[in-house]
Amino acid sequence: MRNTHDACHIAVPAKDLDEAVEFYVFGLGAKLARRYDDRVTFDFFGDQLVCHLSDDVPEEAVMYPRHFGVSFAAAEDFDRLLRLVEHRKLRVLAGPALRFEGTAEQHRTIALADPSNNVIEFKNYDDPRLQF
Amino acid sequence: MRNTHDACHIAVPAKDLDEAVEFYVFGLGAKLARRYDDRVTFDFFGDQLVCHLSDDVPEEAVMYPRHFGVSFAAAEDFDRLLRLVEHRKLRVLAGPALRFEGTAEQHRTIALADPSNNVIEFKNYDDPRLQF
Amino acid sequence: MRNTHDACHIAVPAKDLDEAVEFYVFGLGAKLARRYDDRVTFDFFGDQLVCHLSDDVPEEAVMYPRHFGVSFAAAEDFDRLLRLVEHRKLRVLAGPALRFEGTAEQHRTIALADPSNNVIEFKNYDDPRLQF
Amino acid sequence: MRNTHDACHIAVPAKDLDEAVEFYVFGLGAKLARRYDDRVTFDFFGDQLVCHLSDDVPEEAVMYPRHFGVSFAAAEDFDRLLRLVEHRKLRVLAGPALRFEGTAEQHRTIALADPSNNVIEFKNYDDPRLQF
Amino acid sequence: MRNTHDACHIAVPAKDLDEAVEFYVFGLGAKLARRYDDRVTFDFFGDQLVCHLSDDVPEEAVMYPRHFGVSFAAAEDFDRLLRLVEHRKLRVLAGPALRFEGTAEQHRTIALADPSNNVIEFKNYDDPRLQF
Amino acid sequence: MRNTHDACHIAVPAKDLDEAVEFYVFGLGAKLARRYDDRVTFDFFGDQLVCHLSDDVPEEAVMYPRHFGVSFAAAEDFDRLLRLVEHRKLRVLAGPALRFEGTAEQHRTIALADPSNNVIEFKNYDDPRLQF
Amino acid sequence: MRNTHDACHIAVPAKDLDEAVEFYVFGLGAKLARRYDDRVTFDFFGDQLVCHLSDDVPEEAVMYPRHFGVSFAAAEDFDRLLRLVEHRKLRVLAGPALRFEGTAEQHRTIALADPSNNVIEFKNYDDPRLQF
Amino acid sequence: MRNTHDACHIAVPAKDLDEAVEFYVFGLGAKLARRYDDRVTFDFFGDQLVCHLSDDVPEEAVMYPRHFGVSFAAAEDFDRLLRLVEHRKLRVLAGPALRFEGTAEQHRTIALADPSNNVIEFKNYDDPRLQF
């Protein structure tokens, strides 16, 4: 388990900060924490996501090797994310699908793409102990 | 605050998985969770880091726009990280330094680079409420 | 998530402190913490509610723009509140009803009115992450 | 103590939603959660604050009987709030001051006013058990 | 809610300390913490129970006005206690029964008696918020 | 450690319920939860205290064998209780004193008496692990 | 309950450290924390397991008197362990079986053996309070 | 971090169960949970220790490769253990000493021996993150 007070910190490029706010806050339900000329910071599922204004964004969204997201311990939280994606018509890159099926580390997964082609993956392991 | 059961998930490229294990486990003190032919997974400060075997790694370590790490709520935890870096002679990219000095969001920061030039940043805000 | 030790603080007018105690403690099940000549303080679902003796109370209870209450993370806690309202025949201003139906932020809501026409709203979001 | 999953819910009027975002997010460090034509919602120190667009705002900021805020259990958290107020030059209505001095319920307090003259009070009791 | 680190402290008379150990540890499943010539201390459901050697014990077990026990938040924990009482044939003074039936504070209750006629009550409220 | 959701339950006699409210709420800082003709219930430091109207009260307050109270894990919480006792001039039966001095179970203690001669003891062990 | 920050520490012999890593990490899903010439340390279900390189290992795996493991509070966590054992074909020494059947301390149990014949037992009590 | 509800489980031999109770409860301050003809179970710092009656005990206490104990996250908890050892004159096998001095995994350690020559080690790492 992790503690409640530290925050994981993730920084990714964004070609347009308004787009980033639109996607992360009004799409994914993250919360806008701070905004500067060159970056915007979010409370992303309890962790800190920073979108840095940059032209260095991928031409298309590619699953590997770079992505980030959340591994939910509870199946219902993954279900809620799926409903949010559907309600808000977020751009799905892959899934929902079952991975490592029939093994101890079996988990559900869905991958989204933000407007700058950063990939966000949400997962739910049958056995949360194996989510690492 | 975030909850204790979910895990933040971060995936980055690694040109060599043994090197990744050496750096993250025996260097940074992350814990090796699983290893496959094409990836290795770590318990990285309570969250899930996955290094995917890939040639798509940066030629040099560059701070922006992509990096990840931990924002420590307690000053002592940042100090402990600094001591670890020193004891184990980890490769420092920048800092330790004070950022946003004299503002409410003032924080200490240090950036490291892993063997595949992924950048890892550790931070400690004077006011942990502003770490988002 | 919020932490367990701080308390949210809400102050509202009450035209009669005995009435306020009757409503909040023996009605809503809040707990009486302190009482002074000009105010009474309650442990209101874990937060601090203060009723200040004042003639400046609304002539009738109006839902918007001022109200306060609790957003329950668990559906059962909202159900329990509904049963309490029914058992103790508390004055219902609106609901129970479903709001933002068919969206990610769908939630159940009920609004009560205290004897000084302060409005208290209780809610339960399908996705507690969106309760902010 | 309160639990970590429920949220206290506070709704107040705002004559201008942009002003509200400016004050609460870029001033007080609350986080923007959602925005609609007629309201904006914030993660305010872990609880839900909603500003409803309304002309029904006070002509001037008056301390009693209506206000809301946070009672910090830790003295350092109150100190951090004071530093934030100073760094960001937020509009102070009263204090910082010591109230109920020399009694068991002695506490420090500071009151701010938002652009719509809603009053926000922050407190720190010497004995957090008496913060109710 | 209460915190996890403090302990509630209850002291009662016992005419025989061996009997007390037999009842509380091998009967109720409390844990023996310390023993002196004139007292024995238990970890009683997470709180501290002390049995003081004394002749001042009631001639018979009487429910009111003095007793102590546990109010379980979860129905299953009350069920488990009932099974323990049955399996270990503990001496039941009253119940299990439903009290305040049809009100918001409805709860299940069972009362046991220890060898020195101290009364122990276990309860489970439909609405744990009303267990105070 | 104990969990946060269950409550320890203590029932004692009170010859006068108003006196009990005066002492426990306005004296000790407990919170009034419910009141009936024959009893009053308190949130007493997070646990449930019930005062049952009864003539069966001790003629004088005697420390042993019956009392109840709180064992604080943190020294500051015990200090705060001492200050409350002083500020509010509560009736002290014994102490503050050091007990089991020079042993592993050394602790500070103070005993108060309520208007019905029930004895309340507050303690603070040097080693909170030994508070059982 | 135990606290979240301390770790239980268990040290056992291993005739081969690679084998130990293979079994504990890639079998049981423990996490590799550190490795030295003469020992390897694991995060074993949140506690610290150290395998010391040693020839002093049992010739065969024997259940009593020496073993270690985890007592799961939740039935689902025990079920997950059973599935892991099956999926990964871990060496089962005994069980799964029901012990102390028909008593308050009834629990499910399964015992595994590591490559150095250390015995690991996993349990799940019907009443987690009795897991001590 | 580990969770609060599961328990680590450790089983060791004891040549005499009364001796084991004397050492673990009245010496180390563990709590006696249950006792059978052939075993006694303890709440050992929040985890479950079982002493099985057995003649298979070491002739002398030897530090490696088998021992168990606690790694304290807080320095004060280690200090408290040292004071307990001194006050109660427990049998010290080695230390207190500093191990891995001048490295990131530096920690204090002390080893005790129980009456059956089982070795118990207590530790405190400068950086609790490295206690695994």
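Details
When the chains are written out, they are named A, B, C, D, E, F, G and H in that same order, and each has its own residue count from 1.
Here is the rule we use: a contact is a pair of C-beta atoms (placed from the backbone, for glycine too) under 8 Å apart; a residue touches a chain by one contact, two chains touch by 3 or more.
All values derive from a computational prediction rather than experimental measurement.
In summary, the interface at B-G recurs among the listed pairs D-F, C-F or A-B; the equivalent pair, sharing over half of its contacts by residue number, is C-F. The chain pair with more C-beta contacts between its two chains, of G-H and B-H, is G-H.
Both chain C and chain F derive from one sequence, and where they touch, over half of the residue numbers involved are common to the two copies.
Measuring from the averaged C-alpha position of chain A to that of chain D gives a distance of 31 Å. If each chain is reduced to the centroid of its CA atoms, chain F and chain H end up 34 Å from each other. Under the contact definition stated at the top, the residues of chain F that touch 2 or more other chains are 1-4, 29, 31, 33-34, 43, 45-46, 77, 130, 132.
In the complex of the two chains, the chain H residues touching chain G come out as 1-14, 31, 33-34, 41-43, 45-48, 52, 54, 56, 64-74, 77, 105, 121, 123, 128, 130-132.
Considering their complex, residues 4, 29, 31, 45-46, 77, 80, 83-84, 87-88 of chain B touch chain H. Interface residues of chain C, counted against chain F in their complex, comprise 4, 25-26, 29, 31-35, 43. In the complex of the two chains, the chain C residues touching chain A come out as 1, 3, 102-104, 126-127, 129-130, 132.
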